[in-house]
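There are two complexes below, and they share chain A, which is joined by chain B in the first and by chain C in the second.
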Partner chain A sequence: MTRYILRRIALIVPAAFGASLVVFLVMRALPGDVALTILADTPHTVEIREALRDELGLNDPLHTQYLRWVASMGTADLGGTSLETGEPVGTIVGGQLSVTALLAAYTVAMSLLVAVPLGAAAAMRRGTVLDRTVQGVATASLSVPTVFASLLLVWVLLRLFRWSPPIIYSSPGEDLLEHAGIMIWPALLLAAAYLPHLLRVTRARLIDVLQSDYADAARARGLSEPGVLVRHALPNAMVALVTVAGLQFGALVSGALVVETVFGLPGLGRGIVHAALARDYPVVQSAAIVLVVLVLCVNLLVDLAYAAVDPRVHYGRRTA
Partner chain B sequence: MSDAQGRAANGMLVEARELRVHFYPRSGLFRRSVVKAVDGISLDIASNEIVAVVGESGSGKTTLGRALVRLVPITEGTVSFAGINVAGLEGDDLKAYRRRAQVVFQDPYASNSPFMTIGDQLLEPLAVHGIGDPSSRREAVLRALELVRLTPASDVVDTYPHTMSGGQRQRVCIARALMLEPEFIVADEPVSMIDASSRAEILSLLRELQERRGMTILYITHDIASARHFSDRTLVMYLGTAVEAGPSPAVISEPLHPYTQGLIAAVPEPDPANRHSLRSVIPGEPPNATAAPSGCPFHTRCPRAIPGTCESVRPALKEVRPGHAVACHLYE
Partner chain C sequence: MSDAGRLRPEAEERTVTAGRRPAAPRRRPVRDLLRQLTSSGPGRVGFGLLVLLSATALVVIVSYPRDFGSAYWANPAYWADNPRAVPPVWARIFHRDGAVPHRVMTLTEPTETDATGRAVVQRWEFPFDHDAQMSPSSLAITMREFTFQTRPPIISGTLVRPDGGEIRLFREVVSGGRPGESAPYVRHSEEPYRVVARGDGPAGESLAGFYGSRFGAELTAARIRDDFERFAFGRIANGEYEPLAGEYTVRIEVMSSAEDDRLEEARVVVGGSVYGVMGTDALGRDLALGLLYGLPVALAIGLAASTVSTFLGTALGLLSGYSGGRTDLVIQRAADIVANIPVLPLLIFLVFIGGSQLWIILLVLVAFSWPGLTIMVRTMVLQLRQGPEVEAAVSLGASKARIIVHHVFPHTASYIFAQLVFFAPSAILAEAGLSFLGLGDPSIPTWGQILESGFRTGAVFLGYWWWVIPPGLLIVLTAVTFMLIALGMESIVDPRLKGARMWRS
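Entry: the complex of A and B
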């Protein structure tokens, strides 16, 4: 098991390298550069711009730039300093990651807490008004683009409730209530796109298992319907649930990019959008790699969760 | 009327009367299709008796078995179990009935929860019914595993079903059905999905348990040859109706109904000299279950159908020899 985990962690390295090349090249392919951003508000000559580019290392050959970035990925700076502000990338991305990770954690927790009981209720009352309502709402919620839902929500909060989310982000350590007030709306929006997947897979899997012979066998020995659900059907549905929860995590992260921008949260998503517009190469590159590693780690956790839920799954050496 | 052991006065444990189980697979505003999976079956099973139910796929034999243990709702008719009407049981009464009537399913791969150890699966019936305390339950589990010869029992309790073969899993299912010490077991094709080499073993295990514990078994099978060796009486089903019933040796060596005759003719004979001889088979497929034929349900495939009679009048099950009944116009 330990060997398996170590091997999987080792495999993250080449994946991250591949991603780093793609991100690096895509960024260079974009027109414009950070020198234009920095000098945007000052009258300047072409010579001044070129001098700034030299100073920032933008005129070095591509492979030199790439190697310099990769080499500094290993340091605390995590990819050098921001071309725009001169701050170490590690500080910028680290702060942003904590915001995005919290947002994702709230979304996943909220979704699981709602999707599992609701999916179970729908599965047990299959075909009833409750089931159809739950299914309909889930499909509708899944079909609304997050951008549209975000803007609509902000408009509703402003026009109807004369309330807007606080502008300044507070971490849970600073002011928990303020933090909750800021995070609840973005988390709800993300859950609106994430939760339906979990709900649908829970419902479908439970319906399947509740019709299986071993569910009938459990009924035959006198187990009540809730007993069959909790003891036999839910453990089985967990496997599918964990799979979908993991697969959709990538989509959740890209949704975070949108809601962070709309709600002004200082997370990785907004950070990456801002840095990309400014062509702040090191920040974009490092932030992208952090996201890639985050998603890969979640996938690893999902695979480890299989072994925890399903006795048929073993990693590493078999004992039986 | 029942005595101290809960047996009806006439010695019958299970008495089904005009049992019907209908399914409505598609219900719309204008169309309503009906599958009459069990369509008016009457069946008596005496205590300590093994009754076989034989028929093709789709004949309703599995549904009949499931209805008797109340796993599918009974549409019409009565099932009396030791004097209790099973069809209307609910709540605690149904739970009490489950203690007395158990079931072994066809597919041993699908009827064990893959997420529970063998020990936990066997413990569950005892826990659900609140029988014994944790240590006595564990002992009961070990005893049951030894009874079905899954040894060493102390190792088997902690394994998961996926480490076992089909035959072993089926023995787990039998052990699980026995945990509550039921009087009646419905064995739904218990050997059809396991290796030929394990079949005889499983059947002789069931027979031994039946003899030792005085159980009553409804043995559902499509293998009419095994019915002869295993059961006391045989009921032949076709499209939800009983076409022939009687003592197993009589039904199998002197079948009366053309359908039963066809089923028996289709059994391969273990004689190499016959390998090239053509065996007569029943022509065609069973009709669509949502559109059962008029009259005798078998007339569309019957080689001896009487024109003018069989397609319009449904024959009733009549005793034509002692204990041997047939539903066929040829015997009227």
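Entry: the complex of A and C
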């Protein structure tokens, strides 16, 4: 088991480094000068631009720049200081990360709570009105862009309840009730896009398993249908469910960017967009990497969970 | 990442038993797909919608100017005469007061020319009925191209009210000849002479004077400035303000010294409280034009991204599955890594550096969407490789390339085609998300950008529904079209749903 975990962690390292290298190289290879990008809106001389390039270390050789950046990722600076506020990037991104992480956690929890029972119900009553409705709603909600859905929701909340997203965010430590009031709508929206994937896979796997020989064997032993479901089918479906939950996590994070913008949550998504529009390049660079690493870590957790729920997975040697 | 358990062993056996004999009849994959597609309800609806959308997109492509985005959409001067942030014309049914229609009146000849006096006076008259309770949102006069021989013409504009009152809107002299310039002098041919009647200019003074002499009412400068149109199209009766309905006329007079001095064109715009089929945004842009333009763009994004990434994913999957060994390992690890990276943050980052260009956005979408397909195709190839068909081909001495192209790829083709349809809506939604974050390509208007500008302007809080709902619904409609087609093809993608039809060749 330990070896397997180590192997999985080892796989994350090249991914994180790969992403950081891509981010780093793209920054230099794409048309457009970082110093010029930062100064685009202000009149400046060549000297000022050169001074900025020196200050940012852009005149050093590429590998020195890269190593320096990667090394500072390990410190509280997290790759530099914000050009806008002068704070270390670590402080800014750290605060934002907690908001996004909480939002993602609520979404996943909510989605699992809904998707598993509904998927099970649809699978057991396959072909009925219930099944078709669940499937139809799931497919439909996949076609509604989060952008549009969130605008509509804000509108409805405003019209019906005279509620608009609060300007000030409260963390769960400060005021739990207020925190819940702020987070529930964005989490619902994200769940609407995330849940259908879980629902589909739960239903499909359960249908499969419920028709299998060993489910028949369990029935033959006198086990009731709910018994078969809970004891045999659900554990089996968990494997696929966890896999899909992990695969869709990247999309969930992407959706979080949009929802945070609409609801004014001070999360990583809104942070990175704000930084991009403010040309705060150290923040953009590091925040992009932090998001990537976040998703990678979640996928690691998923893989470990996958190993935990599926007794057939060999920890030592994983065949592709 | 895990590819386990996706294709059941039964499916593989079916492949084997339903495998083609060496001399097979010619395949017609496109016709087969169409038949399969139109055999299901969702597939039929989706296909119909796609044909409809494509036809509309074609019309848009043919009828729009090439540089619509940069030269028109992103150019506020072009929309200057339009009312800002007003609902569509048909929204009138929701208003009890009655809405003011948007009127654009253009003349290229004067209504009458009076050459009896010392000067030649050309009168251009623009009569219009105004009978709504609301007042027009603006009054703008535009004159293009003055030509004069010696002395510059004097131009003036007057609003003639139904009650006989006349409000002087402006009085100006066209700039005269400069040293070194010779007659005929031409003025304002490139940039028309434009006057917007406003309360803080001469029009305001004239209106205040009129109210004083006609109604004995004292209008403060601030009230005139804020409510110029309201007072210009209203009156005081029994000490109360009320709108004044009837026939108004805007009269332009051009006084010139020579008879062949002329003004090419004059236009009067009475700003409405409703506009066009889809209303306008805060810059006065006709949303109907922007929404229509967004259609071919959305389809192009969806098709381009899905075609390229399907091609890439398939090629890598075939290579990975058939080559095996080190190539396989490298491709699979790369797929694992790429599949784990969230696209939107990276897109934001790349757009930040490379600028908002549609091709960069498409490139990134493509670069990150191949792994899923690669993994699936590889799994299928691994199963096919052990089948009798490939074995037979190998024993006949066929080359590796030939086996991949002729004996492996055809079996995966219909699955791949269905996958292509799956990719399209996700690319469209991704672009919409990015545009919404303010990082779309500014030279190409898209639905996401229209949503974004609406959101930034506070359309949701101000109740500008016509600015938010149509672009959102259009994104949904396009996505649903592809989803329905994908649903119609579901039996191809998931053979368990409909028996072994997937493998029919």
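Operating definition for what follows: the second predicted complex is superposed on the first by the 268 of 320 C-alpha atoms of A that agree within 3 Å, B and C clash if a C-alpha of one lies under 4 Å from a C-alpha of the other, contacts with A are read in each partner's own complex, and residues count from 1 in each chain.
Just so we're on the same page, a contact is a pair of C-beta atoms (placed from the backbone, for glycine too) under 8 Å apart; a residue touches a chain by one contact, two chains touch by 3 or more.
These numbers were taken from a predicted model, which means no experiment stands behind them.
> Putting chain B and chain C onto chain A via the overlay, clash or fit?
When both complexes are placed onto chain A, chain B and chain C end up side by side without any clash.
> Is chain A touched at more residues by chain B or by chain C?
Tallying touched residues of chain A, the top partner is C.
> Quick one: classify A:231 as touching chain B (first), chain C (second), both or neither.
The first partner, chain B, only.
> Which of the two partners, first being chain B and second being chain C, lies in contact with A:281: first, second, both, or neither?
After superposing on A, A:281 lies in contact with chain C but is clear of chain B.
> Tell me which partner A:15 touches in the superposition: chain B (first), chain C (second), both or neither.
Only chain C; A:15 stays clear of chain B.
> Should A:189 be classified as contacting the first partner (chain B), the second (chain C), both, or neither?
A:189 sits against neither chain B nor chain C.
> Let me test your reading of the model: by the given contact rule, A:254 touches which partner, first (chain B), second (chain C), both or neither?
In the superposition, A:254 contacts chain C only.
> Contacts for A:145 in the overlay, against chain B (first) and chain C (second): which applies, first, second, both or neither?
After superposition on chain A, A:145 lies in contact with chain C alone.
> Considering only the touch criterion stated at the top, classify A:35 as touching first (chain B), second (chain C), both, or neither.
neither
> Quick check: superposed on A, how many Å separate the nearest Cα atoms of chain B and chain C?
In this superposition, no C-alpha atom of chain B lies closer than 11 Å to one of chain C.
> For chain A, give the residues common to its interface with chain B and its interface with chain C.
320
> Please output the residues of chain C touching chain A within their complex, sorted ascending.
Counting only chain C, the residues touching chain A are 1-3, 5, 328-329, 332-333, 336-337, 339-346, 348-355, 360, 372, 425, 429-430, 432-433, 436-439, 448, 451, 454-455, 460-461, 465, 468-469, 471-473, 475-476, 479-480, 483, 487, 494, 496.
> Once bound in the complex, which stretches of chain A touch chain B?
Within the complex, chain A touches chain B at residues 212-214, 216-223, 227, 231-232, 235-236, 309-312, 320.
> For the complex, which residues does chain B have touching chain A?
66, 69, 71, 95, 98-99, 102-103, 105-107, 110-117, 124-125, 128-129, 159-160, 162-163, 173, 176, 179-180
> Hey, which residues of chain A end up touching chain C in the complex?
Contacts found on chain A: 11, 14-15, 18-19, 22-23, 26-27, 30-32, 34, 37, 139-140, 142-148, 151-152, 154-155, 158, 164, 204, 208, 239-240, 243, 246-247, 249-251, 253-255, 257-258, 261-262, 269, 272-273, 276-277, 279, 281, 284-285, 287-288, 291-292, 295-296, 299, 303, 306, 320.
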